[in-house]
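Have a look at these structures, which come just after this line.
The same subunit A turns up in both complexes below, where it pairs with subunit B and then with subunit C.
Moving on to the complex of A and B:
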């Protein structure tokens, strides 16, 4: 890993609000999508000649289709309340990473072309033409926003910079300037079924491997079924769960919970991905197309319920948008919400007493919990507001003896993004990822020093991958980040024993 | 001269009403295709009304954020609210009881308003982050309001204006029967600036007034799993 192209910020006890440093991050951009990443998504392969006119036209189109976009562009009073709320600003000092600074990159163009004041008095109201330089700025800074919505919590009108970033990315993709990382991945989902491009046979192999691992350790045949028709539950989980660390330990945990709960479940090859990067690029059409795979898989397999694995933005698309994009789900069992989060499932089972848990298995760790931004500020779990904070913590506390929260202004709806969300989880954006992690790293270090915390649990594939990469920059250990269901997996006592003939590999020749 | 002012106020009122109505219709007609309330969010419509009430009356989100901005801003807006309520007595006769009751507070409210605006102005100049995001119009808007408040206070304390005449003038505006406006400097300045404010309101950031009520992150019920939410243009995608 080429590390030292930039300086990792020093951790101290507090994150001070920095003085602004103009242009501090202007050099950071990500790779532009090539035609083969653009075209499968319905975007032009390369930057079109009449990009200026098309961009303005697209902006007009979005203004007429998204109330959020229109109202947010009009309503900002420049009160400054959001200016010190973005982790990317706190970590980089670049004023264009202040939420309102970021919005203004687009708002000045909106004002110039769509408002009376901006058409006739551009200087007065800070309106500006859409030029090459402005487009470059858009490309840089709208890819330095993880769409985490922290700014929207503190804005008196709830202005959500994520909405502006999504719109900006949609406009850019439509004129042929898309982002390689997201678009390449979406193309893979369409072609193969998941972000990682894992084909069906490889997936089946991986799952079989997991079954063997669990059997070797616990002598219980926990199944990790794929494409089983007539199963009760379809599990849709981020593809990182199939092999990345610590994600896969979470998947092992889901399987054990299902096993002990005595329900039948299955994964699906065609919907082997919970992530939906269509949201990151602000494309309703692509987001819908990706979501429809889940519907089709559920219909094809004839399941009764849909459960989503640990992933932040995926849970947002699932909880908040799935019914809109791919509903109605009247063919599923009406006794359960559609979809359910795996934490909701596990917590229900814990409350019903179906799981035997041995907390002492996790006594070697002292835990804290990182609220993933999309889960915290864009979804819910359970029946009451705030269930998205309580339920994962309840699960952790049911399987661990030692748990401490980080400082109050860095958790729940005030949580800081891991730094890698919103389509930024790519090596070409390493600098912004590391710097953006500063507030979270500070809070983690504090709780480590004060409470002796050793591990941080998360329920998001992106958070887990990001922390694995970024913790070492701050002098911490990559294994400090764990999956919530990895903790469950360690504590759960498998009481449903397996008759020997159902053990994996039973009757096969032992040739290794 | 009074005729010019009569015309000015008729024009300003038309621009304000039509301009705002146009914007409100535009916001109402633009669909919100996805459920995006900032969570934790209320799960019932009543809950949303309460949330909106707290935002509009107490500036809840701003309070969570920056205490100084909140104090100045709340002083200014609540001051403005009381002052505006007090102004009702220039336009209606007899004066309704609640308006009569707040009269004594009106004077403090005027000071609170100008003080709050002053604080916001200083913040805009001295906090580098806020200075960076300010366009000339942002300073001018504050100055405009400060001068309106200042000229108003001048009339209350220094150069008393003939309030009865003012009342006759505005009464006359409604009935188109005319009336004379007393021509003193403070009043002329006050009224001119108010007319300017009314005219620019629908074209400026003062659109936060209708905007807050239409903000999807604040006005949506958190019930996407229970109730399917579908925008008309999204429905068309399903039919094709």
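Moving on to the complex of A and C:
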């Protein structure tokens, strides 16, 4: 296994805008998808012979489908506002990681083939042919963008680099040059039902284990139901919640909240994944196909409501696109938002007073909160503007006595990406992941030094895994990252006692 | 890529995982550990063997919590946590231990 062959940036009090180093990250690339990862998604197995013509054709198709794409490519005036806003530029010094530099990789080809000036006077307008070298550059640098959209907040025209990255990835996948990490995962969703490839029996075994754990600790039979027809709520959560830490501690928390709220809920084997990597690769067709599983599960189980667990980009797909991708959801209860975020659900219960919370259970920690990009900049929660910022913080403050925010220009809509979003959470991209975490690590270290913060909570599976891996590179502890509902889980008092016959394993021979 | 041992060639993928699960032999784990500068002890083998048994039954690596619980039951509660597992497999029980055990790489947001 390849060892780290790069230097972790040093933390200081501020992230200075670095002097540029041309080509500093040109060596970075990630594994290309194999035919078995490409074909189930409807893409050619490997790079096609007429890749050049097909790429241009696909670009034309995207230009005709998305007006925004053309506007973004046409409207940049090179004002420079975005240049120091990308965490990957700040961490790597590579000018192609400036948002405008990244956009220009695609823009120059667009100009050459789709604008009058570029067709006839290419040199005058920075237009360039699509060559092998350009394609290689695309593959490298469009996989150094986490589609976090921080740059778009600062662009006076609102140019969204994420959409340009998505388009570039879609074009590449269509000519047979897809990314292994994302496409292997999407193929697993189609085949098995989730990103991990966790089959039904393993899922059932894992959930049974959680019921035992909670019962051992609290002597209350909190259920983690699977495929229960007629339940009121379908919970769709990232499969990392079943598998990894600290994710699973959050899942335990969701179950306790549902238990105390007295609602019936269920998970689904077929929709055992909230994540939708179809968005990362810019493929509307794949994003739609993944989303439809949620609809099918909701119909099959006859639920009245859909709640999403802690997953950043899933919430974007759910909040912003689900209705057009997989709607209409007129079969659900119109008294509730479709879909609802788990934080919104928990906050409502807290406000109604249905949950008894003992904040002192979290007194061993001082918390801060990392806004996940997709939640912060592409969605909302609740019915007031900024709810996506306030509701998770309200939940944390309801279960913890000690909470401090990081610096104002690193949170809310200005939040910095964890460094691993947008399909970059793979070992072959470790260098860019570590370097891209620099701004967030800097803000975290500052709030640790100034306020004594010990832990950072997040509501995104990718953020949690990324920080678990990256914190040690910066001399911090992997256990400093926690799930928001892990904090809820620790503080919640389970008052709805259960009869002994509901206990896990009741009536079975116990030979322990 | 491949690992050569016992006069055989074990094919691995670009990320160092065994291509064919059925090809696995203990020597594969030992060779992979050597490349990672680790020496396998009985404690490592307990984990590797459990991973293989679990995979046999469920066709997937166990979740971290399933693994820590099994370890806790077998080796005592103080060892039933992920810190113990990371102590054995610094690159993570999910990825490094699975690789040694010949299992496919767990994928997803982990």
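Methods note: the second predicted complex is superposed on the first by the 508 of 512 C-alpha atoms of A that agree within 3 Å, B and C clash if a C-alpha of one lies under 4 Å from a C-alpha of the other, contacts with A are read in each partner's own complex, and residues count from 1 in each chain.
Rule of thumb we're sticking to: a residue touches a chain if its C-beta (ideal position, glycine included) is under 8 Å from a C-beta of that chain, and two chains touch if they have at least 3 such contacts.
If you're wondering where the values come from, they're calculated on a predicted model, not measured in any experiment.
With subunit A as the common reference for superposition, the partners subunit B and subunit C occupy compatible, non-clashing space. Applying the stated contact rule after C-alpha superposition, one finds that A:248 touches subunit C and leaves subunit B untouched. By the touch criterion stated above, A:85 is placed in contact with subunit B alone, subunit C being left untouched.
Once the two complexes are overlaid on the shared chain, A:319 sits against subunit B while remaining clear of subunit C.
Touch criterion not met for A:475: it reaches neither subunit B nor subunit C. By the touch criterion defined above, A:64 reaches subunit B but does not reach subunit C.
Once chain A of one complex is fitted onto chain A of the other, the partner contacts of A:461 are limited to subunit C, with no touch recorded for subunit B. In the superposed model, A:126 makes contact with subunit B only, not with subunit C.
The gap separating subunit B from subunit C in the superposed three-chain model is 23 Å, by closest C-alpha atoms.
According to the touch criterion, subunit A has no shared surface contacted by subunit B in one complex and subunit C in the other. By the touch rule above, subunit A contacts subunit C in their complex via residues 1, 31, 181, 184-185, 188, 194-199, 201-202, 205-206, 209-210, 213, 238-240, 242-245, 247-248, 275, 311, 425, 427-428, 461-462, 465, 469, 478.
Subunit B contributes residues 23, 26-27, 30-36, 38-43, 55, 59, 61-62, 64-66, 69, 73, 123-124, 127-130, 132-138, 140, 200, 203-205, 207-208, 211-212, 214-218, 222, 224-231, 233-234, 237 to its touches with subunit A in the complex. Residues 14-16, 32, 35-36, 58-60, 62-66, 69, 82, 86, 91-92, 94-96, 99, 106-110 of subunit C touch subunit A in their complex. Across the interface of their complex, subunit B is touched by residues 17, 19-20, 22, 63-68, 70-72, 74-85, 95, 98, 100-101, 104, 115-117, 121, 123-126, 149, 152-160, 163, 284-285, 288, 319-321, 323-324, 327-328, 337-339, 376-380, 383-386, 388-389, 413 of subunit A.
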